[in-house]
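The two complexes that follow have subunit A in common; it is paired with subunit B in the first and with subunit C in the second.
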Partner chain A sequence: MTLAAGIGYALLALGPSLSLFVSVISKKPFLILTVLSSTLLWLSSLIVLSGVWRGFLPLKSTSRWPYGLLIFTSIAFQEGLRVLFWKVYKRLEDLLDDFADRVSKPRLYQTDKMEIALAGGLGHGVAHAVFFCLSLLTPAFGPATFFVDRCSQLPFFLVSAIIALAFVTIHTFSMVIAFNGYAEGNKVDQVFVPVVHLVAGMVGVASSVYLSFISLQA
Partner chain B sequence: MAIKFLYLLLLFNFHLRLSVSGQLNSMESVPDLQKSMYKFIDGYPCVRLLNLSGVIGCSNPGREMVVAPIVRYKNAIALSQPSAVLVSSDEIQSFFTRIWHDSSFAGNIAGVIVESENEFQNKSKGFSPAGKFPLAEFAPYQNTSYEWNPIGSGIMWNAYDFPVFLLSESSTLTLQEAAIKNEKSKKAYIADVAEFDLVMQTTKAGTHDSETCLKEETCLPLGGYSVWSSLPPINVSSSDQSKPIILTMASMDSASFFRDKSLGADSPLSGLISLLAAIDALSHVDGLDDLTKQLVFIFFTGESWGYLGSRRFLYELDLQSEAVRGLNNSLIEMAIEIGSVGKGFNQGIKRFYTHTAEVSSATNETLKALKHAQDSLKSEHIIVSPANASNPGIPPSSLMSFLRKNSLTSGLVLEDFDSVFSNKFYHSHLDNISNINSSAIVAAASLVARTLYILASDNKSASGSALTGISVNVSLVEELMGCLLDCDPGLSCELVKEYISPNSTCPNHYAGVILDEPSFEPPPGYVDDMSRFLWNFLADRTSIPSENASSSCSQGCSNKGAVCVREETDGKGICVISTTRYVPAYSTRLKFESGIWTVLPPNSSDPMGMLDPVWTESNWNAIGLRVYTVQDAAYDRIVLVAGISVTVLAYLAIVTTRAVLTKALKRD
Partner chain C sequence: MAQNTKPTSILDSLGEEIIRIIAPVSICMFMVVILVSVLDSSSSSSTSASVTSIATIAYSETNSDSSWDKFVGALLNSLVFVAVVTAVTFILVLLFYLRCTKFLKLYMGFSAFVVLGFMGGEIALFLIEDFSIPVDCITFVVALFNFAVVGVLAVFMSKMAILVTQAYLVVIGMLVAYWFTQLPEWTTWLLLVAMALYDLAAVLLPVGPLRLLVELAISRDEDIPALVYEARPVTHNDSGAVGRVAQRRVWRGRSGENSDHGSNNNPNANSVFVENVDSGSNSTSNASVVPDSSTESNTLVSGHNDATLVRAEEGWVPERDAELSAPLIDPRMNIQPQQSELEGIGLGSSGAIKLGLGDFIFYSVLVGRAAMYDFMTVYACYLAIIAGLGITLALLALYQKALPALPVSIALGVLFYVLTRFLLEVFVVECSLNLLMF
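== the complex of A and B ==
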């Protein structure tokens, strides 16, 4: 598919996150740090999950439910981590507010808080996109393309890029909604995020476009 | 409000995810993905060969790989774009004929892929890419327009500037599926393509004949190592060397359009196998030392490419070189050649023909001995007849070299045909084990063994129990056929593994190139499997045990006249006394000095050398064939534009949202 297509797929998956980074995140160094640390946190969660699931892999079942269980536990763990992330963030917010008080500068605005949440979500999203789409993209730079039998209208790499784009969006906005929910005590928001994440993950299992890649990562 | 907007975006993504479905892949990693994208096809290439006046064979037209969509060949089609044409086995002849006559068709051929033969195919048509009179220029008679091989189309002697591959059975299905997918596909922007890597160094370097390519070292000359042996071993130190010699010969090399699929089962390997079986039968005879004549056997290689082996052997004989120590040219009384004998079986009767050159006393004696042997084998229903008198002379055979050198040589060729080849697949990739019959080979072997015994024992003990005691081991013949003419068991069979450790399992009898300096004791790495097997087999069968028999001979054998047999197997060679030697086989027009091959000018004392095309084979880096799917370049560009536009749109959306939010917050 050559260089043009490879770059196209990469931009499709990570272009909006790049735009977001350039226009919002890069303006404030603290947000860059937030992106990096949330990426690290997400990747560490994957490592822990893979450590836990290592004993059960490779899953030799032809049916889907072991994969379903794997995704369910992974998502549950990551949502749990999100709460932890929130608690750490809350502590950090208090520290920053105290510091601001001491130097007589204004406290964190609502937009600042949302930007931090956005950066956190972006970190998760970028990590997912890099891990699950960009890592598969190397063959896309060669002359050949690839079609999967169940979805023969679109090349495999295009499907993977679109899914990665969707997940980036989900992760980015989930964090904002979740932090908002935790801050205001809004139960609907608090539940909405894990539910969307879970449903997206389960649909991924059902469509099973890259199931074995997931088991590979884990 | 912003939150609601975010909700909407999430739900949209959720919907998008649902509509995309895929398939449970069994891939575990990116290399697996790569492997399922690019399918490597195992095939047999046709390579570039050069002679003094030009080139033949196939090659990529430049330095690049050739990539073209796969199209099936049907007689009426016209190609709209450069394509990789998939040709079925029975259409090869018509396809190549069409290329020769239809230049617009030929211009759109990027590459050719030939399917492997279908077992239900009609085998009565025959196919031979060789000429109608192979190696006619070397014939010792004038009538060179006689058609020994009327089916011959001569397509392997033309030059093609596109790659040609022959598929194995498993890869034929892959290519057929790809071609069908191309035909059925409604999408114009994807196609299954074949990528040919057949880049030849002579094409890259621009050397288009043997002399320049040898000088530039972009090619190597064809050749190998012939093997000769004597039964019983010649005592070189003894002064009594005046026993007349009966020389029996066979060839070990064949040729075909595809270099790696040259089995040559009938022509000439059936003769080689029958001679090996005859030697085995004779080796069990008592009183070999009392024979009045010396039996010498020689197996030539390079015969398909201008009788390289036989010409070089005669040259070495004249020089009395180290390779032929113990042989004296003047002592050779009779030269008998075992040609193709594998098809001499018809409804229970084994029929062979003797082709002779001039009538002489030695030839008459041989014919009488053959008759005597035939009579002693009455129960086998063997009939030996002289060849048709209207033949212009002997068929293409190594005996031609002997006759060109000395037209008075007494020689005889034993073949399974009379006036035209009975082999319908001469020098083709289809001349395989199903083309011959083991009973014919066993019959020929019995005939040859008894004839040689009769000739060598000078009629004294020619009749009676000694003669009838000579019997050919049928299981040896069948084992040799399985080892040398089939991939299963191939060269990994027990018989071959007893003597050598072969480099490959599937046997192939293309002469190959001669590596490094030709020598009389070549390093085993430079000698091919067939020659090494023959050397060890002959040395073992014609041997008498040495004194210290059980000693391993890694340091060579102490006894003069002893050689080390079975050296490659488990490191335990045995020293035996045997006269078995390698003779290099290469053109008499070539000379190897200071690391480079040079072409010698024609010499009138070497008439065959003057006609020799001096065949060489181009060097290459890698040869391969891959199949994968490509999408149109326009599609790639659309994807790139989509990616860029998504990025830009996202940027604009973010900037707009930020402006809206700032304004909204300012209002608060």
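== the complex of A and C ==
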């Protein structure tokens, strides 16, 4: 709606991650590099998904099943990528430990490992927020606002910013939980993360089914 | 606090050099994106009245041409541009070979003045016009003149605070990059690709001008007179394997130290080569062109030279260490392993990573051009360029010689731009508008 509103929406989506970045990540250069590479990885995953689904878009069907399938496949792909990320991280951890031995410094502490996982998760969250919310915010800096049919009570930018905030939180801490789960072989943690991701994604589909159901009744 | 008794982990300092290069590159790109989005949104329809410059001398793009015509025209433009840049670089190599360093440095200072004064002035005028800033002519001229003169001194002489020099280099890169983004679209993209290929050839081929320049500079133990951004080096007290001593990178051209550097009679020449060719006095928007022929600085030089140079430098290191480590480096590394005692002071003082200003400029041009489409492409291209820069730095650490910094980043940047524009955007917009996010 104005410059202030645009900045407000951007901060709504990315405020906590910005403060996390400034307080934790910016102190250690390696973590900044981890955030950047993690963001790049998830951007690539989004590009691959869009490449796969491009032929089917725009989905014009009135039923919601195609959307459900889209979300399900995307989440499944991203969770698979998380496992791959974990494997790469294990190799990196070995390299770092070797390097630490060479320069006669202590090996990676537990907090270091969790910080790297946090940085990886933050990269994932930032990738989501940037591409699903920030990049669509350009009209919000102008004089008007925009409403979508799906949720006509709130401006679209506000809705996407709030959802992006939620997803940033989910992604950031999922990575920590997942890495912890993979490291200790804790099955509960390992399953918890994809389930949460799936539920969060599917809620979007389910709410649209609900709304269409409501509108059918009325 | 327990923190003080626990030895510091490697995670505290690893990767710091890379961040010191990525930060100014990011700042430059960010400023160009801001400039492009602020100045472009106001002058929406004047894109057809484009810049007449050496880069559009073969063909001026209009909106009515077909795609194939635009492509061919842009190809001709970029070939002409690369040819001019090659010729100028060879002239530069010749002048360097004939030891006309004074002339080169003077030209460098003059070019910096023109960039800062005239280009910076024009952009400042656009901004004043857009935001209706109340400032009168005389104040403006005085302020601009002072700004330009300080900038010339910062890049010309080496006795400035390094932060000022770095800031002015970033500003010069930003100004030149903004002018490049005013070129027509197809021309810009093909120009980027052509420059990346030229960079690859010029640095790696044995007959390439940039390689000749680097070899001449190494053999003579002089600095290349070019605009080169040098990241502040990271001083470790204890890092580095044993082998690092002989391979310790030469610490060149640090501001303030050159006065005691007797052997180097080229006082941190950070010269810029901006070719100003008046290509048509009737062009209203921009008469002077800037094919940035500081392409010799498109190399990423690790500063590593052979052992003879290292020995010549060794005696100076202690003062430098003391000078640099006191104000800057957080003395967290308190561990002194045996190695450092054996090899004496100055172990592991790594040289700085140098990135030519031409690289800054072309990265920012790519991102600025992406900003003219949409912000999604900006983010994607930014990540791609940083990834390319990281890969180039890794290769630099591997091969330990001057490498072209443009090809990988530009390739990734163009690839991600195309993928984002044609694939990702549709997907994301579709999902977002239906509030389906994952």
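Keep in mind that, in the parts below, the second predicted complex is superposed on the first by the 199 of 218 C-alpha atoms of A that agree within 3 Å, B and C clash if a C-alpha of one lies under 4 Å from a C-alpha of the other, contacts with A are read in each partner's own complex, and residues count from 1 in each chain.
Heads up, the rule we're going with is that a contact is a pair of C-beta atoms (placed from the backbone, for glycine too) under 8 Å apart; a residue touches a chain by one contact, two chains touch by 3 or more.
Because the structure is a prediction, the values reported are computed rather than measured.
Undergrad: In the superposition on subunit A, see if there is space for subunit B and subunit C together, and answer fit or clash.
TA: Partners fit side by side after overlay.
Undergrad: Touch test for A:Leu118: subunit B only (first), subunit C only (second), both, or neither?
TA: A:Leu118: touches no partner chain.
Undergrad: If we overlay the two complexes on their shared chain A, which of subunit B and subunit C does A:Val35 touch? Say first, second, both or neither.
TA: neither
Undergrad: Does the superposition put A:Ile163 against subunit B (first), subunit C (second), both, or neither?
TA: A:Ile163 sits against subunit B and subunit C alike.
Undergrad: Which holds for A:Pro143: it touches subunit B only (first), subunit C only (second), both, or neither?
TA: first
Undergrad: What angle, rounded to a multiple of 10°, is defined by the Cα centres of subunit B, subunit A and subunit C, with the middle one as vertex?
TA: It works out to roughly 80 degrees.
Undergrad: Who does A:Ile47 touch here: subunit B (first), subunit C (second), both, or neither?
TA: It touches subunit C, and subunit B stays clear.
Undergrad: Just to be sure I read the superposition right, which of the two partners does A:Gly15 touch: subunit B = first, subunit C = second, or both, or neither?
TA: first
Undergrad: For A:Ile25, using the defined touch cut-off, is the partner it touches subunit B, subunit C, both, or neither? Pick first, second, both or neither.
TA: Neither: A:Ile25 stays clear of subunit B and subunit C.
Undergrad: Of the two partner chains, subunit B (first) and subunit C (second), which one does A:Phe173 touch, if any: first, second, both, or neither?
TA: A:Phe173: touches subunit B, not subunit C.
Undergrad: Kindly classify A:Ala4 by the partners it touches after superposition: subunit B alone (first), subunit C alone (second), both, or neither?
TA: Once the two structures are laid over each other on A, A:Ala4 reaches subunit B alone.
Undergrad: Please give the nearest C-alpha separation between subunit B and subunit C in the three-chain superposition, to the whole Å.
TA: It comes out at 5 Å between the closest C-alpha atoms.
Undergrad: Report, in rising order, the residues of subunit A that make contact with subunit B in one complex and with subunit C in the other.
TA: Residues 58, 135-136, 138, 148, 150-151, 159, 163, 200, 204, 207-208 of subunit A touch both subunit B and subunit C.
Undergrad: In their shared complex, at which residues does subunit B touch subunit A?
TA: 3, 6-7, 9-10, 13-14, 16-18, 20-30, 33-34, 36-38, 67, 190, 195, 628-631, 633, 635-637, 639-644, 646-648, 650-651, 654-655, 658, 661, 665
Undergrad: Which stretch or stretches of subunit C touch subunit A in the complex?
TA: Touching subunit A: residues 7-16, 18-19, 22, 238-241, 335, 337, 374-376, 379-380, 383-384, 386-387, 390, 416, 419-420, 423-424, 426-438 of subunit C.
Undergrad: If we count contacts the way the header does, which residues on subunit A are in touch with subunit B in the complex?
TA: Per the stated touch rule, the residues are 1-2, 4-5, 7-12, 15-16, 18-20, 22-24, 58, 110-111, 135-136, 138-139, 142-151, 155, 158-159, 161-163, 165-166, 169-170, 173-174, 176-177, 180, 189, 192, 196, 199-200, 203-204, 206-213, 216.
Undergrad: Subunit C touches which residues of subunit A in the complex?
TA: Interface residues on subunit A, with respect to subunit C: 27-33, 36-37, 39-40, 43, 46-47, 49-51, 53-54, 57-59, 67, 70-71, 74-75, 78, 96, 99-100, 102-106, 108-109, 112, 115-116, 128, 130-138, 148, 150-151, 156, 159-160, 163-164, 167, 197, 200-201, 204-205, 207-208.
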